[in-house]
């Protein structure tokens, strides 16, 4: 009995400790960046001697910051829309339907998830340069969008598939029975019911695209997004502005994640009262 | 889950599958084929010569250093997988069994950290671990000598960065498989007189295996593709496969060689997946006959 | 890379301008061009690929205003990568490029850059130091110049004199001294760290090399990696390490690394060139040049931008940027520098460095050397 | 019963799922205002038939008309039928009002009409007006049932199809909703087709019961027919407990002569109305319902037919007491149900006499 209690104490220490440890671990670099973003010095060493907003100013004044910000926003929004749309159709086809070549379809839409991003980017870059030489164009933001959609769609698909998996078919039957055509069934019943999944997929897609480095790096051609802007900036040594940039780039991520949480909670509240029978 | 059989004449099916299939075929499968084709070409003065020979592959197979880098990459990937699983198990277990009330907050915190820009976070680690970084600064203020730690610029630092960036994958896959375990099974084990540890060992751990395997495979495959961590945190002196590929494409501008090396890494990943799949089936079939 | 394109085209479809009015061109116009640029309010817009510094508002702004033009900038992070990007078809999107001189020199023969007539730029050449006047050999191919030099400096050990005496680094010997184990930082900038090591081994890497010489280079690199603590692509990390003494010398960086530190008042940090060894200069002069890309829609404006970059006033500005400070070829600019700036740029030392250096040129065996570098790096662990 | 043209006329319907035949030559007609129950064990085809009526499944052979229109190829949304689903299929993301209004909204009825009709339906189903803004998950099981009924009735279909909607409820709630459905049927006059595996429920609700087994309709008839005049042992045994005694019959003119081991009757002859249709002479089964049997320890207590045996066990069920009696010569224990008293008339091991009227015997096919 005492042994069991001792084990229990130990288990609690390990369990709570591991969660706390992992959270600290995850936030070390993030907090470090936020801290250094207010450093006055050009060289980011600790302890920080003076605090200032100097590097925020430098960041806003940087020539290529604004285009990079805009590119990131365009890239992330467009990729999100496509990846989410493909994810919805793909997830329904994956889970709810049976059709010829389904295995092939599932493999094809899942495979990019298992590819190292850089390699995915590289093979696509090779293809784009071939296409480019045939059709006389060169890679740019649009090819990065295609790359992001290829990379992110499987993520979106899997997230939505989880939601579709719990879907009750008879709800659609009921809607059809009530006189709804296919589109009405989809719009009025299917979509609202898988919406939590679609919403999280969209948030996830946006953030994956927003923070993506490897694929953008390979495919964006001359267009620069925030992550590639950071990488090239660090490489040539003008690093003091990047903690400031990091701090700013956490803001949209924070907003989206917070929004997702609020949304999820509202949905949960709606279904708060458990059904009293069944 | 009803099986709705759909014919390819069904408009819904076409709408749901054809655009995404076309995208994946044209921008994923075709490029992969092209990469294979490119690896059979040669290069001269930074230009690809359309020569259709196996020179590049001979080059790949006769140069030991490509393989030592591959081996190094696989070793690092395996170490990363092991660390990720070991760290994730208690975290996922705690989330499922102990922290119901704050579970969602913790998940949100992890997701947020996971989804922010990897380049910046890696850079943040450098600022933290650097000789004049936050960690040494803090150690110094509590009485350790200057530059008490020297973690950056070695394979350990690379590994730290990899674990940092890939840990969420195992946490979430293991979390999902643990959350699916029927609580009654655990209670049944207690009821049979098993201690907590024994219950964890005999019931929970075996049942979490799908999550462990899925997360492990995902982390392994993704580890094959990292280069930021080895470049920025590892000090670049022990390059990983992806860094080798990047150098080959960018610094040496040798596309056939880069394509061949890319295929080697992809092959390693695919073989691993196949192996993991076979292992999974084997374990399941054993369970079936037992 | 042009060959790549032609080779690919050989697979069936010819590269045709027919498509210029077609969907692909429309898509390129809509996405490829559009997203990268600010909405064009000016009469002409140009795309400029360059290293950091060339994009300063104080340099670009006046040019844009004077010519009613809009420049969109693409920063290079690595010369070979920039070359690859242009060669992969990117040159069609760009008008002007500023990159490392061997790469600019390659762009003429590769059909990426226009050749520039020395006569047209006579005024500019006249304002240069004699060493840079036309015909300026390093940028010439069969008597035609590919671009004009814009910034320069030298590559040699970068030393913190708080920790080391300058004399210690009158040769690269300490790189191989066990006392300096784990104290050497090699910059991960393609061939930059390889060349000084080849010179140290008594080999001129800028000429055709035989197997025995490549073997020597392999040996010297292997020895270097024994003492190397980090291979760093991030300049700020290198600078920080140099300041706090984790790195006792940076190899392959030179003045490009030093100047920002000196500008911040750290004049105890210096880049020098080692003494000539067996008649072989041990220093390397690096240079950036600016060229006009083939097929630009605005050839005159592009050439004006080149002239703008080498004019004395702009040269001074270009020399003095946020991240790095570098020398410029313009003699007329020298008087415009303050004494403090001259000191930061180590101007008193520049001609000595020049005299003790090789010119960083096209190295015929660079690919083999890079492969060896990679190989030895992999073997070092 | 209305003998005009039926609302539903299904003829010789076959249904195949791959190689498996779920329905075999099923014919069914339902008249206006009629309440028909489809009963049978799971897998008997009753739900397949309902889905074919609703239009969720195509029929593989045969014909189907509803309201005089051929229904082959007509989607469910265009049929004059509405369905109440087994799991109710209330839309969890819509309020009660929105759920009930859904069919009207799809039919683009004006808002005033929708509100009025929904209000009427809620009133009819005894749903409190305050529930209109609640979500289904916030209602009790019975309330959810009423919402589901309201949603299916709101657009005034010609036929309401009910797919075992009460199967998941507890007994008490089930009883009250059965009464509710019965009342609803009387009020609206719509034809109901109700699928259930519970014959008791079917008997309580339906005008006509259709017993199915293995894809076929075994018997269609009024509840009393099904109970007292089953076509075979399967139908007879489908509700409650019954005694089936193996017997041999002969058919002299105008009657049936029977002979069963362990059973002695003063005059072993029955009228032909006491036999299932198409019964031939030979092996058959004699059915006697347990509640028709009188049990006594007293040999003097006489009846037209008598069996003697020993009490194996008995259960006090409250309103009645059930005895299981071993009768020599009869394989299965004979079940007798006697009115409940505080003093059971016999104990385990007692020898008893089971007697009943000859008119309560019914001869049917053995199966």
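Labels for the chains are A, B, C and D, by order of writing; each one numbers its residues from 1.
Note that in this section a contact is a pair of C-beta atoms (placed from the backbone, for glycine too) under 8 Å apart; a residue touches a chain by one contact, two chains touch by 3 or more.
The chain list, named the UniProt way, goes like this: A, B = ABC transporter permease; C = Extracellular solute-binding protein; D = ABC transporter ATP-binding protein.
Computed from a prediction, not measured in an experiment: that's the story for all the values here.
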item	value
B-C against A-B, pair bridged by the larger set of C-beta contacts	A-B
Identity of the most central chain, Cα criterion	A
Taking each chain's C-alpha mean as its centre, the one farthest from chain B	D
Where chain C and chain D are represented by their mean Cα positions, the distance between them in whole Å	91
Averaged-CA centre spacing for the pair chain C and chain B, given as whole angstrom	36
Distance from the mean Cα position of chain B to that of chain A, given in whole angstrom	16
Separation of mean Cα positions, chain D and chain A [Å, integer]	55
Two or more partner chains touched - positions in chain B	130, 132, 232, 249, 255
Sequence positions of chain C contacting 2 or more other chains	4, 8, 78, 233-234, 240, 244
Topology of the chain contact graph, where touching chains are joined (line, ring, star, complete, other)	other
Pairs of chains, among all present, that meet the touch criterion	A-B, A-C, A-D, B-C
Chain B residues touching chain C - in the complex, by the definition given at the top	41, 44, 46-50, 63, 65-66, 68-69, 72, 126, 130-132, 147, 152-153, 155, 231-232, 235-239, 244, 247, 249-255
Residue ranges of chain A touching chain B (in the complex, touch as defined)	3-4, 7-8, 11-12, 14-16, 18-19, 22-23, 25-30, 32-33, 35-36, 44-47, 86, 88-90, 92-93, 95-100, 105, 108-109, 111-112, 114-120, 122-124, 126-127, 130, 146-147, 149-150, 153, 165, 169, 182, 204, 207-208, 210-211, 213-214, 226-227, 230-231, 234, 239, 242-243, 245-246, 249-250, 253-254, 257-258, 260-261, 264
Residues of chain A touching chain C in the complex	42-45, 58, 61, 63-64, 67, 70-71, 74, 129-130, 132-143, 145, 221-224, 231-240
Interfacial residue positions of chain B with respect to chain A in the complex	1-8, 10, 12-13, 15-17, 19-21, 23-25, 27-32, 34-35, 38, 87, 90-91, 93-95, 97-99, 104, 106, 108-125, 127-128, 130, 132-134, 136-138, 141, 164, 167, 171, 195-197, 217-218, 221-222, 224-228, 232, 242, 245-246, 249, 255, 258-259, 262, 265-266, 269, 273
Chain D to chain A touching residues, read off their complex	54-56, 75-78, 81-83, 85-87, 89-93, 102-103, 106-107, 135-142, 144, 151-152, 155, 168-170, 173
